[in-house]
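Heads up, the next two complexes both have chain A, just with different partners, chain B and then chain C.
On to the complex of A and B.
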């Protein structure tokens, strides 16, 4: 059992794994960018409480929060083409499988971030809005200049955790045969009988990415302190 | 001149304002008094459209609007003529002291940035807060925040400033200095409606005192008349609770 781990094998798997880092990144990036936009839209629509839209959104959110991402991926992979073909006649069967993975991440993030943003927006006291109206700002000006910056400040820590969390889920793509970093590590493990080295490298990449993201969110957090960082004057 | 006519407002079944009318001449300082729940805050909020009245008209200067069916355009037009000073200051937490003041000038009034900053600096100086120019509200005491709150309203040169208990959230030792700042606003000749229970201030600064109870104006008049010769029993009862004891030899 003494050759569970070998440095030689580690150096050999690195070039085999590197090309797949990009796949994981692309999944996370779609989830981050489009998931954030979708989340903002969901949050604003839910706050407006338009009857039917609100009910649809609340079903969507419960579903996304109450089921595993694997189940969501399956439903989107098999269900979305049927739905789109049945309703608007668009055939997406020819889509790249990666697209379905990205769609799952976007829809999942949209629900989680939607709730996160909604809570953050609603945590801004009404008086902040009223003060904005009292100096004759318009509704959108009050939202974008007063409420949103304060909501962002509240949301940043949980947002950071959420984004880092996305990285740990990209391996579900393997279910559809889309090979990302973790998927590739598994196939190497199966092919060679040595899994540890590949996983050590995957863990190493995750740690680096987590550290970089944490740093970015720390800097972002600093930018939104509004004087509450506790320095003494 | 600002005139409110026959304003009514209910929250569900709770009739908070039952036909209130009030006229304030240009440059006049009106102090609004009344027990808790009598509708003072609601009245001020209706004037600034933070609350939508069920009925009534509002005239500021040349413009008259019906409160329950006002268009967004008229709302903004009339809001541009009023300022509001909040009980809990209501400073924008994401803006520094000076940004709190320039926001309304630059974004609301469309005044060029350099000019807005110059104006804001003047007003900051005027309320004695120049040295806190770049502080966020979280770094300021209540008294300092309320100075900025007053500066923010004054900087916009409104026709009328509405004050809702501007000193009641302050530590007692800070009340006097903030009342001093409000008196300075009055001395500028700005029309004001002030909700306050500071009787000495009312007597000193107010041209008119209006006593509200149960959603109606019970009595109004000069401070000396209302305070020392109230006509209505309800006024007398209220005053006996909040006015300092009068020396016996006065009576």
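On to the complex of A and C.
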């Protein structure tokens, strides 16, 4: 049996892979920012229970939760250009593949975060809202000053899990041919005939970053435990 | 290029023919996940020395590894070592006959074990300490307390988490296509390479997964309601 793993090759592969960590982070970042905005919109619309829109949104959420991201990615990659060309006549076939990955992440996160935010907002007791109205706050004021801060507090642990899951999901971007960590590892493998070292380093990066993210959200969660003094859990 | 209903139907038929493969991967992974995951959770809950620490480190690290990357690594190792494994175990099979679906079983089982063990561990904490003491007080052994008092009360708490784990496992099975296992996703794409109807193929696969997930989830929800009778003071 030949030597399939060598430390020499591992050290050589590290500088080749490092620049591509940023690609995964960029995907996560756009998914996080736009996904959170979309999620908030979805949550608010779902709570308001507007006829038809509510039904459409529940189908959308069910689809995003019930199918894997790989399928969603492929459907958006093949379907979105078709849809946009058919409806508004814009040709996006020449778009960078990374854009499709980002679009998938945003749509997917919109559904997951929408449900998460909805649960968090609904977990704020109705008395809090009534208290706000009783001191003559307007609707938006009640939402932004009373409901949202308390909802954020409940949402943080689940949000952290979601962000880590999103980071893990970036590992499927290579199936479209995007050169991210896994994609670059594959091209190195083709070039040198040795894949395992690159994969091991990719796994190492994913594990380290996940643990750092977990720690960050743990600290964030601790910081947000306000207003619980004197209450019994 | 537009959506061709005819191609979609063909893809759907191909995909349905391989639904049993996806179902098999899902159930094998969930089976090992629940059985071994429960053992892992028990060991970590009772803080059995050495084993518990090793498992804690392993589960923490392994949860940071995406299923996709794990799948690629195991598949590579599998292709490297399969000849040796067959020789060592004196199996009467040829290398070319071995299907790499065993890699799929292994990867998804391991992923299911780590995530399900965390679900169970959380559920263990939800059972009050007084219940253990009550079991001890009436002279039950530790194992008897666990089996007759603790686990029945912990199951209704664990089920919502288990449903999430199950959905995650079903989603994970579609990643298996990248290592070339013939399952719903790959099968739906068989007619596509001839007609270039990839959108139709993927939509067909998505519909199959969606239905499969919804059906299993509905069954699990019914089960969840029935197990609630073991725990009336459940607060959520």
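Throughout what follows, the second predicted complex is superposed on the first by the 221 of 233 C-alpha atoms of A that agree within 3 Å, B and C clash if a C-alpha of one lies under 4 Å from a C-alpha of the other, contacts with A are read in each partner's own complex, and residues count from 1 in each chain.
As a convention for this text, a residue touches a chain if its C-beta (ideal position, glycine included) is under 8 Å from a C-beta of that chain, and two chains touch if they have at least 3 such contacts.
Given the structure is predicted, the values throughout are model-derived calculations rather than measurements.
S.K.: Assess the superposed three-chain arrangement around chain A: do chain B and chain C clash, or do they fit?
M.R.: fit
S.K.: Tell me the contact category for A:127 with respect to chain B and chain C: first, second, both or neither.
M.R.: first
S.K.: Thinking of the overlay built on chain A, is A:6 touched by chain B (first), by chain C (second), by both, or by neither?
M.R.: A:6: touches no partner chain.
S.K.: When both complexes are superposed, which of chain B and chain C contacts more residues belonging to chain A?
M.R.: The partner with more contacted residues on chain A is C.
S.K.: Between chain B (first) and chain C (second), which does A:203 come into contact with in this model arrangement: first, second, both, or neither?
M.R.: Only chain C is touched by A:203; chain B is not.
S.K.: Let me test your reading of the model: by the given contact rule, A:58 touches which partner, first (chain B), second (chain C), both or neither?
M.R.: The answer is neither, since A:58 touches no partner chain.
S.K.: With chain A's C-alpha centre as vertex, what's the angle to chain B and chain C, nearest 10 degrees?
M.R.: An angle of 100 degrees, rounded.
S.K.: Look at A:211 in the shared chain and tell me whether it touches chain B only, chain C only, both, or neither; answer first, second, both or neither.
M.R.: second
S.K.: Can A:18 be said to touch chain B (first), chain C (second), both, or neither?
M.R.: Neither partner.
S.K.: Output check: A:195 vs chain B and chain C. Expected answer is one of first, second, both, neither. What do you get?
M.R.: Only chain C is touched by A:195; chain B is not.
S.K.: Name the contact category of A:145: first (chain B only), second (chain C only), both, or neither.
M.R.: First partner only.
S.K.: With both complexes overlaid on chain A, does A:75 touch chain B (first), chain C (second), both or neither?
M.R.: A:75 contacts chain C only, not chain B.
S.K.: To be precise, I mean the smallest distance between any C-alpha of chain B and any C-alpha of chain C in the superposed model; what is it in Å?
M.R.: Value for chain B versus chain C, nearest C-alpha atoms: 19 Å.
S.K.: Note which residues of chain C are touching chain A in the complex, please.
M.R.: On the chain C side, the touching residues are 1-3, 60-61, 63-70, 72-73, 76-77, 80, 84, 167, 170-175, 177-178, 185, 198-199, 202-203, 205-206, 209-210, 213-214, 217.
S.K.: Over in the complex, which chain B residues touch chain A? Could you list them?
M.R.: Residues 48-50, 76, 79-80, 82-84, 86, 88, 90-96, 103-104, 107-109, 135-139, 152-153, 156.
S.K.: For the complex, which residues does chain A have touching chain B?
M.R.: Counting only chain A, the residues touching chain B are 127-128, 130-138, 141, 145-146, 149-150, 153, 224, 226-228, 233.
S.K.: Quick check on the complex: what are the chain A residues that touch chain C?
M.R.: Residues 1, 4, 62-63, 65-72, 74-75, 78-79, 82, 86, 164, 168-169, 171-172, 175, 182, 195-196, 199-200, 202-203, 206-211, 214 of chain A touch chain C in their complex.
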